[in-house]
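Okay, so chain A shows up in both of these, paired with chain B first and chain C after.
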Partner chain A sequence: MAEKILAPLAGKVVAVKINVGDKVEEDDEAMVIEAMKMETEVFVPCNGTVKEVLVKEGASVEEDDVLAVIE
Partner chain B sequence: MRPYFEKMPDLGRALKKGEIKRTEDSVQTVKDAEAEVARAVEGVRNAGFPTEKINARGEMTVWQRLEYLVDPGTWCPLHTLFNPLDNEEGTTNVIDGLGKIGGKWAVIIGFDNKVMAGAWLPGQSENILRVTDLAKRLNVPLVWLVNCSGAKLPEQEKFYANRRGAGTPFFRHAELEQAGIPVLAGIYGTNPAGGGYQGVSPTVLFAHKNCNIAVGGAGIVSGMAPKGYFDTEMAEGLIEKARAFKAKPPGSVKVHYDETGFFRYMYETEEGVLDGLKDYMAQMPAYHPEFFRVAKPEAPAYPPEDIYRLLPLEPKKVYEFDQILARLVDGSQHMEFRPDYGPEVYTGLCKVDGYLVGCIGNRQGYLGKGYPEYADYPGIGGKLYRQGLIKMNDFVTLCGRDRIPVIWFQDTSGIDVGDTAEKAELLGLGQSLIYSIQQTDVPMMLVVLRKGTAAAHYVMGGPTANRHNAFTLGTVASEIYVMHGETAAVATYARRLVKEKDAGRPIEPVIEKMNQLARDYHDKSRPQFCARTGMLDEIVPLGELRHYLVAFAGAAYQNPKSICPQHHLILPRIIKG
Partner chain C sequence: MENFSELLQTSGFFFLTPGMLVMWVIAFVLIYLAIAKNYEPLLLLPIGFGILLVNLPLANLMAPGEGLLWRFYHYGLQWEVIPPLIFLGLGALTDFGPVLANPRLIFLGAGAQGGVYLTFFIAYFMGFDLKEAATIGIIGGADGPTTIFLATKMAPQLLGSCAVAAYSYMALVPIIQPPIMRLLTTKEERCIRMKKGRKVSHLEKILFPVVAAILLILLVPPSAPLMAMFMLGNLFREAKVVERLTNAAQNELLNIVTIFLGLPVGATMNAENFLQPKVLFIFFLGLFAFMVSTATGLLLAKLMNLFFKDKINPLLGAAGVSAVPMAARVVHKVGAEADKKNYLLMYAMGPNVAGVIGTVIAAGIFLTLLN
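== the complex of A and B ==
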């Protein structure tokens, strides 16, 4: 069962803290998105393994874009 | 109204495992910063002579007097680091705070007798005026521990005269008395001239047997014919006369207890004076707490220590304000006012020590699609928009109507700007909020959790609300400035950059100035700078914020100037619908 990490807002990805294959737990920090001079942390929604990371640092994202997939 | 307040809706949630894990470093960073503030506070405590030296003279220090006087566990120090004119002594030489004496809340202040026998120093009168303002706003007694040797003469030009100079507190004492607020004074040591007025201006004087108060002191060697200058001959004469000088200070208890009766009470021991103050305070008229409490006092459902994990030091990081509030209020319960409107601001009723208070705070983070409704750009918490400003106006007005004290929490980057924001009336709504605050008559306090910026720092119950803001607390994360330093550097130098570039001159010197300005802004917005200059009245450890909220609520409800019967409160009915 795969679960997507979605961008909660539009902005620039300033940190990616997970890699494909990482074992992760719910509420681990996955990424940081900067918008309007503020940094919003994005968290892993469930325990599992990182299957895909779809963005890199510096990427611009829109709200609800898929950032990563956890399996 | 018991059904409204006995069990209010829950606020906040327990921290998740992941939150605890990833915030370990943050806890340590905040605690390290608090330890640094604690070292500065210790420096103030240790100013002047060592305690042992004062004790060897048979005297207690001001700190020992406070320790003996104030009910255990109630002391909330204020202005500890206040030193606006950078005195070399590291203090304005008065120690003050809010605390209970004999079970009643009072504003308490004492001269530090370790430093120049409690002399007037630069910045001290401003400190005292903050204290008299506080007693007036909370309508609670002011208790003095007078021990004042008079002016530090080499620096008299900095404080003796002027509109808010060293004589102004004597007028403030009279003003408090006219408002029915008693000023009690325990008096120790030699108090000549200014010290004499410090002693005589309060309402009831409790004298130690060795104290004196007088229009002038005996310390000036007289009998020298002035020449208009000093020379060796005169200095030799002075040495001889000073050696023979044995005058007793005027205004001892023999005069002011036995003859004038200015001293209402006289005590053989230092502790006796403090016991006298305690007995008097115990008799002071005050409402019993049950008169105003809406429920039994209750600790928050979640530990206040969690705040160390919830409030990031980094100003760019987003967090959940509601989670912090849940760690500060009784039972982590609340009644939120208009939760579906103005999402950037929390407004709601909470209980602190069983008393009803209105809480207002900036929420952080993305505010969702379509907000603010008047703009085509997204909104972010910390900023104020049209709905948030209207909601705060509404809430403050209703708190005033219901006589509910207000606790503000700021972490704001300012009010939305630009023509779109102007069309949405934000300039006018900001000033409307100032009007709304001014037309209430309830005490308010402010906690600057992190950023206090631009006009938002004014309109959200900031210290500029002189008649309402009782005190402003900061944390080690606080920073206060008109705008961020980099923004200020751009505003100041952008055109200059263009000019230099167009003229073919190097732009590096301008860049250096921009960096210097940004660095200055950073340095002059740090918590200790803000406390030293008075932008903050105290920097409080995150785990002790609730302690101050309890003191504020208890003092505000001890003797309010007007009351609203609980069953006539309208705000809880509006919230319930």
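== the complex of A and C ==
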């Protein structure tokens, strides 16, 4: 079952900490988004493997954009 | 030798007083805090230097009608030019989206003005006159330009100390607010996740500054100078057809007027004006106002939760003070301590920008009632 990591808020992706194929656990840090000059961590929602990473560092994201897919 | 002592007597050194030296120390402390600690450097650096300059005898920089800093003060502040221009820039920087997405959060921006009014009464009973009390109370709104605007009109003798108090407490938001926030909320409340706000259309964002300007200026006419420019700046931003003006208002213009705001504010702080026991009370009362405003914001959110089915995270109430966006960031951080996957930042921006409007209205109400 695939689960998406959604952007919890609009901002700029400043760090991507997962790669396709990585084994990840729930609550691992997946990305860092900068909004209002503050860095906010985004966490992995479930255990699994990273199937897709859809954003790169420096990308601007809107709230609820899909950032990555975990399988 | 005689010539040398004559020269010395016409120099400023001869006229230095101990009070001036004390003011130098205060100036150096502010300059130090700005540079080394990054405390509101955009304001505290020019304010600090302004304090130093006005305490150099014989320079007469604040001499009415002739001094350079007096001209900045007179034409910039007394003529009410600079604070409204700051608000033009702030309007161009403000996104009212979070307010429109969650309109009920506007009330939190009003709730966090509680400290302004409570402190007004306390200051009055402590012996300040009504206009001074209002100026001290407005520090609780944590809005620098509004504090300066009101002080210039109501109690110019308190301008420097109230402005320095307001900007100092704004820099200290991350230290002053969190203990109050933890004290007045339970862990469960801090973990409340906010329900997603509705989508806001472009048309709504354009209409908001126009409608808000009409309603709020009609409601509280003396708030017009600040409100008008705030909403005009926001209309520039949302109209998306005058990007050059939006950028100028946000960047060049805001930066230029910031220079001419800080310097004369500092220059009002000469030794005889500032070194009085009542200045200590101003700092104490200002801090009190700010803490009470934080608390009333939190408590109003809790009160609203008694009536709403979708619970509000009460931490958002603390963002009702208008220190934008520091207070919203603090809310986000304290919320994330309780639940790291709770993202309150954008929700907190709602009460935060509503708080700016709330403080301007509070100032307008004082002007209506006391002038």
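The rule is short, and it goes like this: the second predicted complex is superposed on the first by the 71 of 71 C-alpha atoms of A that agree within 3 Å, B and C clash if a C-alpha of one lies under 4 Å from a C-alpha of the other, contacts with A are read in each partner's own complex, and residues count from 1 in each chain.
Here is the rule we use: a residue touches a chain if its C-beta (ideal position, glycine included) is under 8 Å from a C-beta of that chain, and two chains touch if they have at least 3 such contacts.
Please read all numbers here as calculations on a predicted model, not as lab measurements.
Colleague: Which partner chains sit in contact with A:25 here, chain B, chain C, both or neither? Use first/second/both/neither.
Modeller: first
Colleague: Identify the partner contact of A:63: answer first if only chain B is touched, second if only chain C is, both if each is, neither if none is.
Modeller: A:63 contacts both chain B and chain C.
Colleague: Could you figure out whether chain B or chain C reaches more residues of chain A?
Modeller: Of chain B and chain C, more residues of chain A lie in contact with B.
Colleague: If we overlay the two complexes on their shared chain A, which of chain B and chain C does A:6 touch? Say first, second, both or neither.
Modeller: Neither partner.
Colleague: Does chain B (first) or chain C (second) touch A:39, or do both, or does neither?
Modeller: A:39 sits against chain B, while chain C stays out of touch.
Colleague: Can you list the residues of chain A that touch chain B in one structure and chain C in the other?
Modeller: Shared contact residues on chain A: 8-10, 27, 35-38, 40-41, 43, 63.
Colleague: Touching chain A in the complex: which residues of chain C?
Modeller: Against chain A, the touching part of chain C is residues 325, 328-329, 332, 336, 340-341, 343, 345-346, 349.
Colleague: Touching chain C in the complex: which residues of chain A?
Modeller: Checking each residue of chain A against chain C gives 8-10, 27, 35-38, 40-41, 43, 63.
Colleague: In the complex, go through chain B and note every residue touching chain A.
Modeller: My answer: residues 16-19, 21-22, 314, 316-318, 364-366, 369, 378, 380-383, 413.
Colleague: Write out the stretch or stretches of chain A touching chain B in their complex.
Modeller: 8-10, 25-29, 34-41, 43-44, 63
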